[in-house]
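Look at the two complexes coming up: chain A is in both, with chain B in one and chain C in the other.
Let's look at the complex of A and B:
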């Protein structure tokens, strides 16, 4: 175990950052036998995610492509790598992706539904459909390829953020492509829930004894004949132990699922909490503090909220702008270790672009990839950050997740996939380096 | 359809003239190619000032501007709020030079003279502040200032000023069409006879006949008039403002930019605004974005007195085009802010009246003058103007927000913003919440937008596109740029207007595009994290099927 000495914490691996990338790195290092400390200033941006784990976006070959023709995560990631040479998938290769995903699925087995050969096709709260490699158990029954019979999209009276009619209309496009027929229904909220409640409060209120059952019974009363499943807004309880989806399903008499979420995200919070629980279970020490590493290097002590932490290898998994792993004040920089940030995908221009004005690092088309928002560290094939001249900074320093540049993790649909792949690789590499 | 006058342009001049004409009994059509206030009006500093700068040249103009500022308070009392300004005394050296002292004395005398006009607009008299008094009021000012004088002005939501004028014009019989472009001015025998228009959303086209066409198209008006062979001389000037995510000061602070130009940092509603630049603009008025140079120029000048500006989160950089009167020679700041009415008669377009220049604060007087001219052109007998007496919609009474919050199911700060935007009509908004408690959801914590307010605006305020709600009730304009409000507002508007899922998605994308154009140059610090959050939150809905 991690040693606590009068001089502070002694460990083999220090992971800075506790979102998906940091947690997977810590768990992978732990699984390889290392003593691990995670230092983080706050829950990661993972808590703001949709709650499902997408590895790569699905790009339909043609508009009428059937849903069952959607490719698995590895193929989809290969397609990303083939078109985006700076993407971590291209720079690192994808040989380890399946193993990394299997590892994540095992570690989060309590929260996640078992992986399938094919991707899950999951509805968003806006009626679009996203391919996901892994999803939470609360979402499983909403997999558009798994619903047998009509899908009842249930809006909750009192919850404006979810427009069932709109979701059903959006999903109607998939009926001809192998998806279920979708029908919008409206359900009254249990009496314990305040009208105009926000998602988090709604989720908490549904955990109360009787509330989920009341919702399920109300749902049963409005179901269309022969309905195969019901799709609800992503507010089905925060704590999986409260078994809100199961209780609603039992009372309604059919499988029940929630859609993916936007921000604020109850499923995202659930994912983050599952990571935290798993870290504690695995014997990882969590320090909630920003790390001021200054100019120290792996092997030397760093300060984490007043606690000195000494570890032989470090994994930097501090995220991008929301996480605070990359920042910009006039010029782009990496706050923890002052590593050089590569600002754009153009490799020839390199780090010098980091000082350019914001407007010249963005393009007018909002939907186009934005060089500024894909800024981050450059790493070698072993996930070691590189300096301005392309040399590794330290043999025992690794990076994982969105702090690595080259992809726009918030938008391109690969954020959590990159986090899991790089977290798994970096955690194992750090454990090996520490030995 | 036949009208007495077709008014082109939904800025403050166009809507103000449409209202005045309708009040004086004319049959009016107002055409706006996008939405109310999208040009110079809505992108102005949002001030109803008294024209202090004209005291040197023409005190009558100052008196007129102050009187009109008073009138605007009378007709829309809910929409105006006081902004006291500080004009700090800056000395370059250890000891103030004689010249500096003379300048300060001059400033004091100058605002003292302005005090004579302040009662016309219910402004407070100026005061000379010692350094201690100055720092007690604004501790965030940079050290070493030698005192200040104060200056009282008024702020306004300029978008809503345009909207309210248009709504009132409609209530008095005018036809009002947004998202409808005047494509061509029709002429016959040296006279105008109407316009040909096209609805940008439906593609519908039509002709509206009228003996008088009032061209208030702002920066777009020269091009329109030119298509009919009528020159409208104008020297458009680009003005950029920055919005900070919170009130950085309680007082407006007048600063000097690096080139000596006066700029300001001022509290405005729940934010602060830094403005403004003034540069000749030769480009396409539809293609206007702030540049990094302009942002840096404003920040440098503002930080010279308010250093915290450097650490503040800038949430938007927005710009408009002043439609300044043409002159060859003077630099931009020295151009007259007066207005002119150009008659097209000399160019074979009698009945075409174009307005150039002018000030937001004097829109009502400008509209009155223009309407007098329109009556003349129509050969009608003069009818007295009443736009300074009759309240704008909601302006008949300003409810007390606290009392409103006790009476209706709404928090006091939300009630306050509701009253500010809607005046007495806040009650109509709150009635919707009483009927449907779900509409009591506060969509935006920055701007205190109620779901009911979105529904109200869509039903009663000529909303045709989601982005119109930016200007009606600030959807997507708060510090979170729409993370909280955009999707729900899109759904509510879609339900009211019968949009299908694809249209809602398109409208949401368009709303986000509008915001992105205002943020490209300011993606820095915490704002960059916000941008990432917004893109992550909305990206999921833009995935292809």
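Let's look at the complex of A and C:
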């Protein structure tokens, strides 16, 4: 176990950042036998995610033909790597992707539905559909390729964050391509639930005994004939142990799923909580504090909210702009270790672009590559950050997740997939380096 | 020559107009004169601390993660309706409306649990504490008719 001495925490691996990348890195290092400390300031972009894990979009199938996305995550990631040479998938290789995904699916087994050969095609709260390699159990029944019979899109009366008519009209486009016919219906909420509540308040209220059952009863009363599944807003409970989707489904008499979420994202919060719980179960010490290492190097003590932490190897998994791993103050910089941030512009990559004002790193054409959005650290094939001249910064310093640049992780549909792949690789490499 | 005219004007300002203005203006520092002129209208001076807090609050991306963990946001109807981010972001911009948020801000239990929930690192509890103090200092804004502006009554 991690030793707590008067001088602070002693560990083999210090992971900075506790989102998907940091948590997977910590769990992978722990599985390799290392003593691990996770220092993180707050939940990050993982808690704001849609709640499903997309590894790579199937590019020929997007965005108009999501139902043809039948390639597995590895094939789709290979296609991304072939067209984007700066993408972490291309720089790291994809040999470990299947193992990393299997590891993540195993660690989050209580939350995630078992993986399929093909991606699941899931509806968003705006009526579009995206493919995801892994999804939560609460979303599984909403897979557009698996729904048998008409799909009832159920809006909750008074809950304005979800427009069932919009979603049903959006999904109707896919009926001709093998998707279900979608019908919008309106359901009254149980009396104990305030319809104007924020999504997480609604989710919490539905966990109460009887509330989910009452919602299911009301849903059964308004279902169109022969409905194969019902799609609800993403508010089906914060705690998976409350089994809200299952209880609604049992009372309604048909499979029930929630859509993917916008922020504030209940499924995203659920994902972050599942990661936190798993870290604690695995015996990882979590310190809630920012780490300002300054010019320290792995092996030296760093201050995490007043607690000195000494670890032989570090994994930097601090995220991009939302997580705070890359900050923008005039120019781009990396606040924790002052590593050089690189901003690529097409094939012309380099540090010098990052020194330009951030506003000059965007391109007017929204579909064109945006150097600002793909800015981040540059790493070697072993995930060690590189300095301005392309040399590794330290043999025991690794990076994982969105802090690694080269891809527009917020929009290209590979964010959590990169986090899992790089987290798994960095965690194992850090555990090996610490020995 | 246009620059000659400009120089002459600057010289007039420096030698005649500005010394005259200094000689006849109201006594007191700039802050005192600002306060005398505007505090009765509900406009309080923006001090260095206020600006620092405003800058810290401007990192808010309105993601709502802080509210999900905030007992105040669940307990206080005004804050629940507005959103915690609105409570400090909107009000920190408007000194005249800050007193309207007095009751909502007073409901904060100062548990500081929100600080560890902000992905962009806004020191939320510090911002709320500062706004609470500022709301206590600010005079009640007066409506044009001379009556005090209506207060938000807790539901």
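The rule is simple: the second predicted complex is superposed on the first by the 418 of 435 C-alpha atoms of A that agree within 3 Å, B and C clash if a C-alpha of one lies under 4 Å from a C-alpha of the other, contacts with A are read in each partner's own complex, and residues count from 1 in each chain.
We adopt the following convention: contacts are C-beta pairs under 8 Å (C-beta built on N, C-alpha and C of every residue); 3 or more make two chains touch, one makes a residue touch a chain.
These figures come from a predicted structure and were not determined experimentally.
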Simultaneous placement of chain C and chain B on chain A, clash or fit: clash
Which superposed partner A:263 touches (first chain B, second chain C, both, neither): both
Which superposed partner A:307 touches (first chain B, second chain C, both, neither): neither
Touched partner set for A:47, first chain B, second chain C, both or neither: second
Partner chain(s) touched by A:288 [first = chain B, second = chain C, both, neither]: second
Contacts of A:322 with chain B and chain C, given as first, second, both or neither: both
Touching partner for A:200 - first (chain B), second (chain C), both, neither: second
Chain B versus chain C, judged by how many residues of chain A each one touches: B
Clashing chain B stretch [against chain C; choices 61-69, 97-105 or 151-159]: 97-105
Interface residues of chain A shared between complexes with chain B and chain C: 45, 48, 263, 322, 324
Interface residues, chain B side, partner chain A - complex: 289, 291-292, 437-442, 451, 483, 487-488, 491-492, 494-495, 500-501, 504-505, 509, 512-513, 516-517, 520-525, 528-529, 531-533, 535-545
Touching residues on chain A, where the partner in the complex is chain C: 41-45, 47-48, 197-198, 200-201, 263-264, 269, 288, 290, 319, 322-324
Of all residues in chain A, those that touch chain B in their complex: 45, 48-50, 57-60, 63, 124, 126-130, 157-161, 163, 165-166, 169-170, 173-174, 195-196, 260, 262-263, 320-322, 324, 327-330, 357-362, 364, 366-367, 372-373, 408, 410-411, 413, 415
Touch list for chain C against partner chain A, complex: 61, 63-65, 67-68, 73-74, 80, 83, 115-121
